[in-house]
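Structure incoming, see below.
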Amino acid sequence: MLIRLGYDIRFDVDRPVPMVAILNVHPDRRQDLQEPDRLRVDPSVGTEEYVDSFGNICTRFVAPTGSISLTNSTVIRDSGELDAAGTEAREVPVGELPPGVLRYLMASRFCEVDLLSNTAAELFGGTAPGWARVQAVCDWVHQKVTFSYPHARPTRTALDVYTERVGVCRDFQHLAVTFCRCLNIPARYATGYLGDIGVPVSGTPMDFSAWFEVYLEDRWWTCDARHNAPRIGRVLLATGLDATDVAITTSFGSARLSHFTVTTDVVS
Amino acid sequence: MLIRLGYDIRFDVDRPVPMVAILNVHPDRRQDLQEPDRLRVDPSVGTEEYVDSFGNICTRFVAPTGSISLTNSTVIRDSGELDAAGTEAREVPVGELPPGVLRYLMASRFCEVDLLSNTAAELFGGTAPGWARVQAVCDWVHQKVTFSYPHARPTRTALDVYTERVGVCRDFQHLAVTFCRCLNIPARYATGYLGDIGVPVSGTPMDFSAWFEVYLEDRWWTCDARHNAPRIGRVLLATGLDATDVAITTSFGSARLSHFTVTTDVVS
Amino acid sequence: MLIRLGYDIRFDVDRPVPMVAILNVHPDRRQDLQEPDRLRVDPSVGTEEYVDSFGNICTRFVAPTGSISLTNSTVIRDSGELDAAGTEAREVPVGELPPGVLRYLMASRFCEVDLLSNTAAELFGGTAPGWARVQAVCDWVHQKVTFSYPHARPTRTALDVYTERVGVCRDFQHLAVTFCRCLNIPARYATGYLGDIGVPVSGTPMDFSAWFEVYLEDRWWTCDARHNAPRIGRVLLATGLDATDVAITTSFGSARLSHFTVTTDVVS
Amino acid sequence: MLIRLGYDIRFDVDRPVPMVAILNVHPDRRQDLQEPDRLRVDPSVGTEEYVDSFGNICTRFVAPTGSISLTNSTVIRDSGELDAAGTEAREVPVGELPPGVLRYLMASRFCEVDLLSNTAAELFGGTAPGWARVQAVCDWVHQKVTFSYPHARPTRTALDVYTERVGVCRDFQHLAVTFCRCLNIPARYATGYLGDIGVPVSGTPMDFSAWFEVYLEDRWWTCDARHNAPRIGRVLLATGLDATDVAITTSFGSARLSHFTVTTDVVS
């Protein structure tokens, strides 16, 4: 399956603002690209590409006064298969986890592992370890939290999701990630493209999506507490501890979003 | 100047608990060691040493049921000089910072950069950029927050410090780190040995200490919002985004601290 | 000046839900009513009217399964004058306040007086006491907080307003009320009718409005941190410690709002 | 049974500070007093006694610069019986509660009813209504929260207790009160004398104690999530929405506690 990916994101800025964009396909998927995956910045400014400590491809530049657009259009080959289920995957004792994975057990800005540990143990401590426990977390979050665009807010933490029970995709994943870490299952936040492939068309404007990954047996597995069903055609952009680390764009100063479209279409 | 360093930390555990210790001198100071810097775990258990994504030396092991002690005694050569002041150090525009430094502008578990940005701008926006602004942050935190051991608590965030105005050394540094990041000055949390060298003996039991570092001109500079005065003889153990990343020990399960002594003495 | 007041508020409920409505003009303004001020509940259910501990007229009933509407239409005589300014009003030392006023110095659900005291002292401690200090509070809140309907949320506290700097009218008043209490100036939250009288028509659908009152000299004075300008034609419904106490309707169970219109028109 | 009650509370103040004390036996128990219940303030200052909106006897005065002591010694007759259990008491539907009781269903500073409603429903929704449900709340809080004087802090809310699982008596009651209100059971916070009568001597210095009351059938019943067992000899001082309303002393300015003893002894 071939999927066309792209975006057109525009900002207005009143004075030059440094920005970091994470708008390239993740290194793990670069071998699948059928066309160049090039972030175009217009007007043309000097850009610097680097890989952050999580392994994501970042681009930074200084947005000049005025309007600036970030665009891209590329094609990626995808297996067309549903997310793999780690049904048989063993939960790895903390003492045997690869050292680089341990950071994904820690608390972060939007994931208060310290504050939700008791709740996690009470809710999920009786479930069989491994994939079943992760699935129980996803089921709980999916059932208990109501999706609502008007209730989006950038400061909502996992504890806020737990108490307010409402949010957008990032909120679902933050709470699920936190519960998993509380249960000593490494979990990381993921962001990327997720089109309406193999599912009814949602009718809402296409956007980037958030999901998360857990480490079981010997690798990371895709999970999604918002949709809570295997999906086709996720294309990973970036992973990190939480939304702080993998924002599509981070502005170090004021920038007003003026336009935002994302493309994720199957190429027939 | 030679400083003898050491500790004797003991836990009781009821069932095997995986632990990570950051109890070796930071790689930046290893060339100053005059004796081996070896974390001894007793009873002897298999340990694994690794370097985390922040560059700290970590040791992990599984504490068996019963009592376990972590001990060390070593000697380090120190310049005997006070912390350097970056008075002339230029504040680097975000667009010119080394990519690896950008993460130290982001929010983290105990540093809600997003929530304190306006306050930081109001309090410090009128100060000259660079070292003077960092010094203004340290002065403010030092004056406004009252040091109090009985008020220590592990869940206090920078925003809590801002509202409660009380805390221990980690709290002072969390608030100062957060304000610096809000002002687009990279800041990281540091932990290490800090003896009563060149200052009146404090009378309280020796402990590890927290301070922080800011990135100005072309390097990291030591700051300390708790003491707010240059000190002699800091020996760095670890740096990270906040206390989450550089806990002396992190237990993935229940472990009761039963003994805790730290040594930091000038060798005459 | 005569003002026609009214509303049409409808809910859908799936099972009988007890409700309390505060939808009658406040006792202080009843002598100005030109027509009966009668809350009609349709379908007709048994209602009980009582005065709560704040002096507000409350009506309670059990909404039966199905749709229920709360309607009213009345006319009130108004002075047509702008809110009085307490420019000359003396700030009363706490030791001389009437005992019944002291509760309006305390913390409440949305007004964390304990957490914002230091900030209030730092921001307003240098201002002359009394009306000037209240005005400084209103000016600050008005300038620093951005009005935004999409950012409304029912759980936002004064501290959240202070950090997020965005909100709707209740948020402006909560922060201002909290600052006043921190400064030992009694303040209470108010809700009522406020039409576009003497000001350009806002263009947004009419709603009830929130403002607040401070106690200076020997009485309560009207303040409004959202509009921050004297207005004509406020008609008070209720006062309380914060929005918790004076919700237009409180449901003890699930009720979905299906329709909401408010009328506040000058009768020519 | 006769119980001698008393206290000796002293403050140092640097400048005159208005204070409110709630240090008289509650009106409901005044008929049991065998000696005058007189709050003595030394040095002698003008005091004013009033009854607040919750029905508590309050005394206010301005503490002059220097040291001030609040003392009392009285004797009360007590039934010597254990707290009554409302085992047979019916839970009253909200629609039938006396109007004056409805306020005890609302959120307050330390009781975030709005934030804990879902959790309360999940934990206790399956329990039989009435006393059994209240008992389930007390059992849960008693088992899940660890008592610890060193972990006392004045800003801890019910949600904080829920996440931190540690606290002193006020914290236990705040969480239990909140859960009850979430379940539509009116609950109010209570403070008073509670000696070691009929129980082993605790060994810790005597203090005032907090408990709470729920409204079932036709009256208020005593509950205590900290001790979670019926006790002998409670003497009520005050009730309110939470600790904000019934602080033993509230200072409107800085006052340092220098001495604190409480007496609650059976007179043999």
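In order of appearance the chains are A, B, C and D, and numbering begins at 1 in each one.
Operating definition for what follows: a residue touches a chain if its C-beta (ideal position, glycine included) is under 8 Å from a C-beta of that chain, and two chains touch if they have at least 3 such contacts.
Keep in mind that this is a model prediction, so the values were computed, not measured.
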Given chain A and chain D, the chains that contact each of them: B, C
Which listed pair, B-D, A-C or B-C, duplicates the contacts of A-D in over half of its pairs: B-C
Interface composition of copies chain C and chain D: same or different, split at half: same
Mean-CA-position distance for chain D and chain B (Å): 41
Averaged-CA centre spacing for the pair chain B and chain A, given as whole angstrom: 30
Chain B and chain C, separation of their C-alpha mean positions in angstrom: 47
For chain C, residues that touch 2 or more chains besides their own: 112, 115, 155, 163-164
Residues of chain C touching chain A in the complex: 150-151, 153, 155, 163-164
In the complex, chain C residues that touch chain B: 112, 115-116, 118-119, 144, 159, 162-165
Chain D-facing residues of chain C, complex: 16, 18, 20, 48, 50, 52-53, 58, 60-62, 93-95, 99-100, 102-103, 105-109, 111-112, 114-115, 154-155, 184, 244-245, 250, 252-253
